[in-house]
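Structures given as structure tokens follow.
There are two complexes below, and they share chain A, which is joined by chain B in the first and by chain C in the second.
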Partner chain A sequence: MANIAAQRIKREFKEVIKSEEVAKCAIKVELVNDSFTELKGEIAGPPDTPYEGGNFVLEIKVPETYPFNPPKVRFITKIWHPNISSVTGAICLDILKDQWAAAMTLRTVLLSLQALLSAAEPDDPQDAVVAKQYKEQPEMFRQTAKHWTSVYAGGPAKMSDLDDKIRRLTDMGIEEHNARVALSSYNWDLERATEQLFMTVMAKN
Partner chain B sequence: MSDYFEEMGWTPLRDGEAPNSFLHMARLLRDFGMWDELGLGERLPPPASKEAISNLKDIKFDGTCQQCTVCLKDFDAASSIKSMPCRHSFHNECITPWLKKTNSCPLCRYELPTDDEDYELYKKEKKRAVQREEDVKSLHNSMFS
Partner chain C sequence: MSFLFNLLKGAFLRMLQLIWFGKRKISNSLSIYVKTNTGNTLSIDLDPKWDIRNLKEIVGPQLGISPEDIKIIFAGKELHNSTIIEECDLGQQSILHAIKLPPGKNRLNRKKDTKNLIEESIDEGSEANESGSKPLNETLIDLPLEDSDRHENHSEQEQQQARAHFYVYCSLPCKSVEAGKLRVRCATCGSGAVTVDRDPQCWPDVQQPRRITVHCENHDCQTLLSSLAQKDEGTPQVRYAQFYFKCANHVSLGEKDEAVPLYLIKPNLRNVPCLACTDTRDTVLVFPCEAGHVTCLDCFRDYCVARLRDRQFEFDDNHGYYTLPCPAGCQNSHISEVHHFRLLSPEQYEQYQRFGTEEYVLRAGGLLCPRPDCGMGIIPPDQTDEERSRSPDEDDCRRIQCIGGCGYVFCRRCLQGFHVGECDSQQPTTYSSTSAVSCLSGYAIDPLRASEAKWDEASKKTIQISTKPCPKCRTPTERDGGCMHMVCTRAGCSFQWCWVCQTEWTRDCMGSHWFG
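This part shows the complex of A and B:
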């Protein structure tokens, strides 16, 4: 790894660790290996959002050319959000693309991601299905996002009606995550989710 | 009242004058949001012009403990420090590679001129579109207030 990139990450590390957000447990960065090319980030779901109480893990890859190029960041924790792919965790955020600036740091990136969880931008979606639900059925979106937070990010909410619907599908032999994705994508309409799942199975056979 | 062409920001072609296809391209890109469509919006804007880079002011280290926000190191007497027109300063070896990539201040996004004709046109057209919108608005306000 180029010297400037590694040196800067080392300096940033100290900055993040000393920052008050870390003291408040809002953000965290850890090394994955000792070459400073790969890091693990963590952000707490912001209060008064469906992500509250959840803890979201991020994969951070630092390019050789950092800070002249942005770090590559994606969600490892599965999340239901218009600007984050529910499949790959890929993020649509301008500062990770054309709005990157060399003076930005891991701390600013993590804080921006936390801000994105508070204020989605459904007109610039990464996940079209989620974005559609966000715009057309906001309450359904909120419930779904809260449910995903509780299942994948350790959030507090238990939603037995949603869990029941998932169980109906897993009882039919559908894998749990696939059942959750289908139900989430069809606004928890059991019949349509079932239909879609069996059509996919048939297409594969 | 000014004439129609002037109002719309158009100038009719004079004899023997060829249409400026760069300009038309820039307008097309702006009007149909194609700049982003082509993925150009995904990339950083083009590098600062060679001239703008070489015109950056050298400044002396004056003892006040200031940090270069690109490498996060403090300046010292041995540092070769460059100052941008926005008065943000960086190590020469930190700001030059950045400006060779994209034309703005790493801290405040103050834009330096580029050598990229298409980008400059695009920027000018965008600015004019904003201006025109404001003109229409103030015309509207003066008519209905």
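This part shows the complex of A and C:
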């Protein structure tokens, strides 16, 4: 069983390595162990999106029953996207669930994920908070996604106003990522983010 | 005497030639039956290196017919005099048909097939006035699944490469997937003494009736046909071929000995790589989808096992078979000959059959006895509307007894031992129903400890702790990560529900507790 999975992944691995997308640095894949059961994928943020310039690392776990069951994929790099959980990196994409077919490969999965970054599907959201912002305040969403890309995925944009707001919170002793999540979730409303953060702290105490 | 001498000399030379070239080893003698259209059957031992002429020379005297007046029919073909016996895919105890030609009939006139004529003239040169053709297994090309993609105009060489190989499931005596042999008989009288008017060119030609006409040599057939025509005027006056398969692995057990053709398994003549492992293997399974996706047999087995383990076989909509679609997810691609699953091990096939039966019972509104090692299928009597309105939740309606099985009495709703009142899903299994342990005289056993010291108690507890039932079909479901949006994987259920609310999944769930 595992033999077919490993053999198939080996070939797909080569297919990705030789693909033109790799030549263009759009996708990348690396081995995590020798048994081909876990891989590390990487996709470049597509141009003309808030993710441009960022590199997003993916965790790819290959089940024993591959390719008859889909690989388990999640984002390791934190990302602000309606179909991807900002907390766990879990992805809501049909081809990774019931629409998986044995003819799909690592390459097609990586390219589909890249396509997901270009065109979100907010009606099937994984992250409800992000989806709401995406639909109701598209510009705010774009800024936030860009900011996350620059902080977590090595994107080029520096957004000093947003950084300032985060610094205000970290100065109060809030952990930086928590501060970012709170501000992003409240459309960078410093007051409401602070309120929410301290309420959680109080609740924990 | 000189005839015998020539015969021996011929055989000797042929053997010498074979030894010389060392290609084929000399096989042992072949015992076959020769049936005549007059009702005689001869048992004959042959040397596989002989040709049909030799056979006629042996059979002729025994039947009192001159060898020139005999034609030999096998598998729908009249065999050519120069055909070597071993090329005919004859097995031990196979049956050949010997037909006496009507006197005065010139065999030259019966030749229609120009291709055979050419072949003969190449093979035999001077003997072009002989009738007959190559055996079916030599002329038959690989059968495409669909009528539409028939092979056109094959060159001799292509035909050599594309020679058909068949796979069958032999239920008796081999009980395994084996090489198969295609045979044909008259659809009207069942006699094997028929010649086909053309070779089958696709699977529908073989599987569907009334596609290929035959010439039947059975004397009684004409009478039978006329009497049928009298009874029903719609009966056609032509005779059709009825194709069937035999297992090539065992000695023929007579004319009734048939095997199921596994028509999706084919020799990989086009060198198509396997969809799953991407290797190019000699034998493959071609799925009945439009694209004709191909897997090797190992990957097909793995595909079945992976689906079987997750109970993910499905009922196909057209026929209701418990089967699998193409692994590439194509539409209308269900395998409709379930004997293909015989490629699995006997244990796995048994599991497939059990799951199929269970799913069928559940689909028909039935229940499976929840008692371990029982699992009896129970289809409770339908409640009448009156009963349902009077007592929708009354205990009597929930009380199911496993009749014909273990006799266990259980609650229809929670599938635990029968109880009065509401089901309590959080409560560990009720221990009251089985307490045989404490009945042994002289031993006082703490009932609580006895209840814990049961073989499957730990599993039951684990299931209770780690799963939640699907709100629709009540299948215990485990969540192994991801979001709270659950999709029931039970075949035919596919209910979308919320792990938190344990009700149908809504946008509210999405908004408030997608991740819990």
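Some notes on this structure:
Keep in mind that, in the parts below, the second predicted complex is superposed on the first by the 204 of 205 C-alpha atoms of A that agree within 3 Å, B and C clash if a C-alpha of one lies under 4 Å from a C-alpha of the other, contacts with A are read in each partner's own complex, and residues count from 1 in each chain.
Here is the rule we use: a contact is a pair of C-beta atoms (placed from the backbone, for glycine too) under 8 Å apart; a residue touches a chain by one contact, two chains touch by 3 or more.
Here the structure is a predicted model, which means the values were calculated and not measured.
With chain A as the common reference, the superposed partners chain B and chain C clash. In the superposition on chain A, contact of A:Leu111 is made with neither chain B nor chain C.
By the touch criterion defined above, A:Arg8 lies against chain B and chain C together after alignment on the C-alpha atoms of chain A. Contacts of A:Ala102 after superposition on the shared chain: both chain B and chain C are touched.
Residue contacts after overlaying the shared chain place A:Asp127 against chain C, while chain B stays out of touching range.
In the superposition on chain A, A:Cys92 contacts chain C only, with no contact to chain B. In the superposition on chain A, contact of A:Phe68 is made with both chain B and chain C.
Number of chain A residues touched is higher for C, counting chain B against chain C.
When both complexes are overlaid on chain A, the residue A:Met140 reaches neither chain B nor chain C.
With the shared chain A as the reference for superposition, chain B clashes with chain C in the stretch 272-280, and the other listed options (272-280, 362-370, 452-460 or 470-478) are free of clashes. Touching of chain A by both chain B and chain C, each in its own complex, is seen for residues 4, 7-8, 11, 67-68, 97-98, 100-103.
Residues 275-279, 293, 298-299, 302-303, 305-307, 309-310, 327-329, 481-483, 487, 510-512, 514-515 of chain C are the ones touching chain A in the complex.
By the touch rule above, chain B contacts chain A in their complex via residues 41-45, 69-73, 94, 97-98, 101, 104-107, 109. Residues 4, 7-8, 11-12, 15, 67-68, 97-98, 100-103, 105 of chain A are the ones that touch chain B when the two sit in their complex.
Across the interface of their complex, chain C is touched by residues 1, 4, 7-8, 11, 65, 67-69, 72, 85, 87-88, 90, 92, 97-103, 125-128, 132 of chain A.
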